[in-house]
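Letters A, B and C mark the chains as written, and numbering starts fresh at 1 in each.
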Amino acid sequence: MPADTSALHLVISGDPALLAIVRLSLLVSLSAVLLAALIGVPLGAFLALTRFPGREGAIVVLNALMGLPPVVVGLVVFLLLSRAGPLGSWGLLFTPQAMVIAQTILVAPIIAALSRQTIDDLWVEYRDELAAMNIGPAGRIATLIWDARFSLVTALLAGFGRAAAEVGAIIIVGGNIDGFTRTMTTAIALETSKGDLALAMGLGIVLIFIVILINALAWGARRAGERVAG
Amino acid sequence: MTMRGPVGDLPLTFVDVSILAGEVTILDDVSLTLDPGAPTVLIGPNGSGKTTLLRAAMGLTAATRGRITWGGREHAPPDKRAFMFQRPVMLRRSVLGNLIYALKAAKAPRGTQDDRANDLLTLVGLQALAQRPARRLSGGEQQRLALARALARAPTVLFLDEPTASLDPHATLAIEDAVRSIAALGVKVVMSTHDLGQAKRLAGDIVLLHRGRLIEHTPAQKFFVMPRTQEARKFVAGELLV
Amino acid sequence: MFNRRTFIAALALVALAAPASAQDKSIIVASTTSTQDSGLFEYLLPLFTRKTGIAVKVVAQGTGQALDTGRRGDADVVFVHAKSAEEKFLAEGESLKRYPVMYNDFVLIGPKSDPAGIKGMSDVGKALTTIKDKQAAFISRGDKSGTHIAELALWKASGVDIDKDKGAWYKSIGQGMGAALNTAGASNGYVLSDRGTWLNFKNRGDLAILVEGDKRMFNQYGVMLVNPAKHPSVKKELGQQFIDYLVSPEGQKDIANYKINGEQLFYPNANDAGA
């Protein structure tokens, strides 16, 4: 199936509708990754470093949540945010904010589980030295998160990959409204269902290219940082 | 720069201390007193419990039975104690970053941290490598940094677990010289070693361990010339203790 | 580094804080995927927005889903094409008035090879029973949409109890018109489609219009304001402005002027009381 080069022409010519779609995709997914990181990294660090009854069960549940089906999350958030639902008065249904919320829920377990693993690995190395320096629980969490920050970038990228690729949740809570909540993935779904497969494929290639670009930028930042801090 | 301060952790006493890991006895009914003064060196075969004794004295490992007291206190935070591990782990920071971290952990006053860090680097001869990522140092350099980190705590008791086990003679000499200087400044050094020669060179008194039991605790000169116990005699003669 | 981080954090907070301002002069219209796929909204809505400054956000779903969105109060206006379902909506008190707006028609699509031999039939009921008798592949939207409801009505009108008589040849996919056309093309099957989606559909492959023009294939559109007494969040003034535009002479003219490849798609009939 030949990709429609018109999609690439739209990018090069800076077609405003396409740029708006790309902008919204990045805004929603990057916001979700940021919020998910604020939740997930400390949670992962906490699980790695603290012993409490039920910890093993919590880790199993967290790992399982990585596989949350996006449509199910979308449905739950939809029911919460609908005017007929408990949070209806917030008026968030069919807005980009709702999409960010849904994607944050999807991405946070991934970042938390991967952070836990990364920090656990570093903790095995650091444990004795930090104990000998009498570092308390808060200091441990802060030190490990900071020292593991470059490895944690990989966890963030995994989260971003999930967010940028998904369509099931955001199409339900966003409504795929033209010019308002239409992202690259929802646009691809729409064009496919309209039968314009070439355009859908072209958009898909643009999306893949953007994701690769983000990964390359993150990789470059990581290498530069590692060179400085070792 | 003098490090003689309040000797809050000394004398450090073990009273009938046993440490078990599950079914296995690692330290068996050990009673011991460490007083201020010249270095105490722990010797004994592999698995005799040297590392565990050091860790317990530091406060890293708890006694399963018996009591450990620091200057008479049963629970004493390790503010004035420092530990250098056999294989020290460098933090993922620069050499200087590692030292600043140790100084912060020891609650050194903010304004003095940079100066103290530089003094410590000079002390262990790593000033030229201050900005290098600590993980890229050689084994001997890492050991020296670990020593500097321990000293950053301005300890009154310094524990070293086989500090030169993996080092070449040149680096070993550097560490031994540093230990001698530190002891001369009044810091109580408690270290373990496999090297009887090192024990002879550094020890004020010797502790011999075998299978978790304390066999002898004797001033160094006496120990090497006229050991009291059968095991000590065999060990000094170079025989395997089984 | 810290500055960039705070900036990104602020960006996220702004992204989260935005809704209050963005929804000031806008309405949400729940409509159907076939209407959206016809391209009517892309043509009509800018005309309305330019005139009134009101932004129209269309959430396109199946008819059943669109009406349910109205029932939950998540939309201000519903604009669908299934009169019986709309009248049920009215009877429930979910809206106070239904306005007829326009009609278009359905066409029976199938492979050019026409295995069931129905091409050119003027009686769509006969065409459907032939398809059933020959057990030719038939794709149903199966999604409670206006098109699906119309399809079921046509089976009924042709004397077929589709629930009883369906077999492996009848494929209910639970998706929109475009997906149904894709499936029909892929499985050499027949499908009932609205003309608008068909005219815009680019993946025709071997498909073509085989039956059209039967009066029973006409598809009436109606628009309703969601009852503000039941759902206080409904923007009743702005919503009513949109409805007034659709049924006004100007709006009706705009609807008639919408063409695909020079062909008119929708026939305005707001003045037809019985529609």
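As a working rule, a contact is a pair of C-beta atoms (placed from the backbone, for glycine too) under 8 Å apart; a residue touches a chain by one contact, two chains touch by 3 or more.
These figures come from a predicted structure and were not determined experimentally.
Steps from subunit A to subunit C, taking the shortest chain of touch contacts, total 1.
Taking the mean of each chain's C-alpha atoms as its centre, the chain lying closest to the overall protein C-alpha centroid is A. Subunit A and subunit C, compared by their mean Cα positions, are separated by 33 Å. Taking each chain's centre as the average of its CA atoms, subunit B and subunit C sit 80 Å apart. Once the centre of each chain is set as its mean CA position, subunit A and subunit B turn out to be 47 Å apart. Among all residues of subunit B, none touch two or more other chains. On the subunit C side of its complex with subunit A, the touching residues are 8-9, 11-12, 15-16, 18-19, 22-23, 28, 33, 37, 41-42, 57-60, 71-74, 175-179, 181-182, 197, 200-204, 231, 233.
Interface residues of subunit B, counted against subunit A in their complex, comprise 58, 60, 77-79, 82-83, 85, 88-89, 91-94, 97, 101-102, 105-106, 132-136, 149, 153. Chain contact summary for the complex, subunit A toward subunit C: residues 27-28, 30-31, 34-35, 82-85, 88-89, 91-97, 100, 175-178, 180, 192-198.
Residues of subunit A that touch subunit B in their complex: 122, 125-126, 128-129, 131-135, 139, 143, 147-148, 229-230.
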